[in-house]
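Per-chain residue numbering starts at 1, and chain names A, B, C and D are given in the order in which the chains are listed.
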Amino acid sequence: MSLNRREFLGATAALTTAGALLPSATLAADSIKLGSILDTSGIFDAYGKPMDQALRLAIGEINAGGGLLGREVDVLSYDTQSDMALYSQYAQKLTRQDQVDVVHGGILSASREAIRQTMRKSKTLYFYNVQYEGGVCDRNIFVTGVTPSQQVEVLVPYAMKKSGPKVHILAADYNYGQITARWIQKFVEENGGEVVATDFFPLDVSDFGSTITKIQQTAPDLVVAPLVGGAHLSFFRQWAAAGMKDKIALASTTMGVGNEHKVLTPEEGNGIMVAYNYSQELDTPENRAFKEKWEAAYGDTSAIHELAVSTYQGIMLWAEGVKKAGTVDRMPVIEALETGISIVGPAGNIAIDPQTHHATLDVHVMEVENQGMTVMETFNQVAPVDTQQVCNLQENPDDNTQYEIQI
Amino acid sequence: MRRPAARDVAGILVASALLIAVMPMLIGTYTLTVLVIYGMLGLSLGLIWGFGGILCFGQAAFFGLGAYVYAISAVNIGESTLPMILAVLVTAGFAALLGAMMFYGRLGDVYLGVITLVVTLILFKFINTTAGPQYVIGKARLGGFNGIPGFQTLNVPGDPEAYIWGDQLFYVCAVALVIVVLLVTWLLRSSFGRIAVGIRENETRMALMGYDVAARKTVLFAVGAAIAGLAGALFANWAEIVTPNLFSLGQSAEIIIWCIVGGLGTRLGPIVGAAGLAYLKFMLGQQSMIDNTLIMGLVLVLFVLFLPRGLVPAVASLWRASVGRGTRRRPSRHRRLRHG
Amino acid sequence: MAETVLETAGLTMRFGGVTASDNVDFKLRTRELRCLIGPNGAGKSTFFKCVTGLLTPSDGHVFMRGQEVTGWHPHQVAALGVGIKTQTPNVLDALSVHENIWLAARRFFDPAEAGARTDEMIDRLALGPIARAELGQLAHGERQRVELGLVAVADPWLVLLDEPAAGMSAEDVERMTAIIHDMTRNAAVVIVEHDMQFIRSIAETVTVFHQGAVLMEDHVDRVMSDETVRRVYLGKKA
Amino acid sequence: MDLSFVILVEMLYAIATLVLISAGLAVVFGMMKVINLAHGEFMMMGGYATITAVGLGVNVFVAMLIIAPIVVGLIGLVVERLVIRHLYGRLVDTMLATWGLSLVFIGLATMIFGNTTTGISTPISGFAVGRYQINGYNFFIIVVAIVLVIAMLAVLKGTRLGLIARGTMQRSEMAAALGYSPDRIYMATFFCGSALSGLAGAILAPLVGLVPTSGGAYIAKAFITVIAGGPSLIAGLVSSATSFGVVSQVFTFAISPVIGDVALLIAAVVLLRAMPQGITSRFFRGKL
């Protein structure tokens, strides 16, 4: 459990590359500049570090293949240290001083909202490669992560079929959790079930003893728990410790996004039902190739998670758009992407939905098994129906809102 | 402090004019703006702690409150002038209530620390739980953990379309800081300021002289909070989003660290400490070798151990020693130690 | 009969099971100088603290110039025009002599007037050479003198001094005696003291405390020759 | 019936947790008048020590009850020698320095263990009370807290060490008069305090997902509990942990965990306003 030598070297290498890249004068005049803005330290770095690795892997691959349009792609990356104020600062730096051609990054919704307007004002194309609550409607942004409806639509019927109609929801008390809880409610009811209770927990709650007692009072057949972060991981642990695991079924739309299932022991994690775009256990040639490349670059594939793969796919989608547009200029690239460009990534086929700038992708219903996620059922090309309800960029190209989707 | 007032004011004006002219050539104005705002926030604690002896563990509460009040009222009003004023007034009013409760209760320093800390935590926890649609003030959704984005930012008073942003925002913030520094200077030179310093030195004596210590501490506390509130409102304009993190204990900790590093009992110290450390943090974000929290922590420990007076007083006495001029005034050593 | 400036009626202070001040009735006329004596633990200081508002009495009443001030805060008592010096030196260590006295004067006068009175007081106390020195650097006697100065500068009509002579040199004591006599021209003065030498040199009427209560109250000479007082003192002091 | 029993256990568990997380801080504050704001990080390190030891194949109870306290105690010893001892008698400075240390420890833990959530599973399984399942580990925590309080009482009352400790608590010169160097006693106290923090962190580790910043969640609660307890070490600790534990659990069950937390904080403000010197300045005076 000490600082892994390879990580150390990796960090040093990253530092030297970043160091070499920093003074913008040294950049080759004709290189394409890609800005990256991620929390690679601080409390969100479990999400951010693998995303950063995925981003560098993708760019390395592009450059090894001769770059884009014959030009090298250079990465300018900033660590926001899990501090929202630094997002604004680095966003300004990327757009004004570095004048990058595209920015990939942002993890929390708050961080995305902190920089989205800066990107829009400065006319810098922006990719947000994270699973989030949905509803952002802005022609300048592309979102390659899954949204709640995409997960819930397939997860809830599966989980209810396996357990029963009475559902208790435990959600993280912020935007994502609130919205996801409403989607869960909708799909539970559509599938003939009943939500017996919904509880919200701020992200720093780590004692769920009383909650577990409460759940037993409502006696549901299924608990759906879109809980987020380190503190909330305690729930899954305390749930198992109380001996509840074999009594009431458990599903989640978030557990595993940051590889949380690898922290839980098999006894604690096994059987939890989830739905994502990616799983390390996906048995496809693309995923095998991706894992090999990752292993060659970083030595160990255990860090790969949903968000890392989203980032990788986001870069590849952007690269595809640039190729199609024949330029890195913002509008032609947006228009190219709006033709419904798609790629086949480690998680399968992923296409840009022209109406919302979100992604149509494969969603897999999985069960946690021995610290891995075993695919139980796959739904191909699920559209982001939640955002589609509120957002139509083809009709309103000037829209610039994050809608709260009313259900 | 007994230098002639005119010289003091002239010095401040010349130095700040120079800095405002030169700094944008060295650092981007966008980053400079936040350094100026943090400087103001540092000064707000420096005033009540360094000159009033009130160690507030929750200065971030006032910073966050200022930012939230601004954001909420800006969403509702759609123009920035009144929200700026509200941000200052509401924060000051809140601090006055809190201060009156604490100071009339004759709480000791440590207890004061606990209460300010707890109030910050309550605000932080409360704001964090407001993600649901039921938490609305007028047209403004509180937004919980994600905060409030997309409010009206600073505009020319009366003209909501004439945004003040970018370089202009920097100049507005810089001038605001200069005005605050001048106000603080005036305050410290006035009877009120001299009495505040007296209270810092010995509360009992000041009470026995007939001064209502609790009332005066409350007022000073509110003044400090008002400055923090103004800094918060400016920050909201700069970041264009407010999040509960503004209330976090980490933020409070940073403000205290700025004051210690810069130097208590001076006006310049907390400003220099704030701007310097915030810039250091910004620079550290561009490397990934050493964890930044570690560096901030080390800085604090080393300063407490080896330079408890802070940078500015230390440099000032070095300067005096090397130049060998000026009055031989004993620098007030370890001032805050007495408040244990 | 001159006006009564300070009066207590049945003043009682209990700490847990201990009665430190027991049903004390006390009267002080204007411009009177009164010493409170008694062995350690006799309740002098408790009485003093109850009068000045540093403690809130458990029972009984305190009146100043006929106004009830029971349970007032020290600053309210002081604001009436009462000068108070506590047992341990209470000065502003990091500030200069001038600033110390000025702050006391400023409470009752505008800044200019306060400045003038401060300069005058510094002259009267012969503190001129050290007027700009910080209190923290001064000798004990000098600090005591400054504290007297900041009590006197506010022109009080009632002065309460707790052990002003403690730890002072003979020369300092002499100077202080002069200052106190000076004060009595305008003010009634109460001195809590157990230095008999000093009391003999300054006092006329003396109130003797014993076990929280007033044992006797009489002219200093008669008190000093009283058998009971001697026994109480010697018995305790030995 | 079952439900009320379950709620009673939850309440005892909440009190026991507060006692555990505050004990280390209380010892150091009560004896040395030092507020160790790195207390939460000491707990965090106790957690990591346990997880690392378990990862190396050590029995989980040995890791929690023996290894973690010793490791964290030793870290505390180093901290005391390097930093704290230069700052005795300067309460505010020690708070600031230990705050700095807490950041250093967070940074170090991040560099060594990374920011990924880790943890170990609970070593005691749950069991049923009527219709309800109870976390068996809760009982373990309650028992440890009771044993801890009794042990502290026994040491302070019954041993020579306790006598010296009590003497030092009253006046620091006392130890010198008894022929012990206060320096040594402070060192030993800080070791014990740190070890207790480590123990608390270790015992709570199986219930939570551990990250380097985990300590922050505890320090505020511990700080409030200790300060509200007032001058008596054990009576203060137990009485304020009980008041806060009951208040927070009542509101947690009635409304939600967040309201429970907020109720605890508001109770602290009210309590300190009513009794500015803490509970034991008014009640249980003169008790340990």
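The working rule: a contact is a pair of C-beta atoms (placed from the backbone, for glycine too) under 8 Å apart; a residue touches a chain by one contact, two chains touch by 3 or more.
These figures come from a predicted structure and were not determined experimentally.
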Neighbouring chains common to chain A and chain D, by label: B
Chains in simultaneous contact with chain C and chain D: B
Comparison of B-C and A-B by number of C-beta pairs in contact, larger one: A-B
Most distant chain from chain A, judged by the mean position of its C-alpha atoms: C
Centre distance in Å when chain B and chain C are each reduced to the mean of their C-alpha atoms: 42
Length of the line joining the C-alpha centres of chain A and chain B, rounded to whole Å: 37
Mean-CA-position distance for chain C and chain A (Å): 74
Intercentroid distance (Cα basis), chain D paired with chain B, Å: 32
Numbers and ranges of chain C residues touching at least 2 other chains: none
Two or more partner chains touched - positions in chain B: 125, 129, 291-293
Chain A: positions in contact with at least two other chains: 41-42, 173, 200, 202, 204
All pairs of touching chains, each written as two labels joined by a dash: A-B, A-D, B-C, B-D
Of chain D, residues touching chain A in the complex: 3, 6-7, 10, 13-14, 17, 51-52, 55, 110-122, 124-128, 131-138, 206-211, 213-214, 217, 249, 252-253, 256-258, 260-261
Complex contacts: residues of chain B adjacent to chain C: 191, 194-195, 197-198, 201-202, 204-213, 330, 332, 335, 338
Partner chain B, residues of chain C touching it in the complex: 52, 54, 73-76, 78-79, 84-86, 90-95, 99, 102-104, 106-108, 111, 134, 137, 150, 154
Chain A-facing residues of chain B, complex: 28, 30-31, 34, 125, 128-129, 131-133, 143-147, 149-150, 235, 238-241, 243, 245, 281-282, 284-289, 291-293
Parts of chain A lying in touch with chain B, wherever the complex brings them together: 11-12, 14-15, 18-19, 22, 40-42, 78-81, 83-86, 88-90, 92-93, 96-97, 108-110, 113-114, 117-118, 173-175, 177-178, 200, 202-204, 402, 404
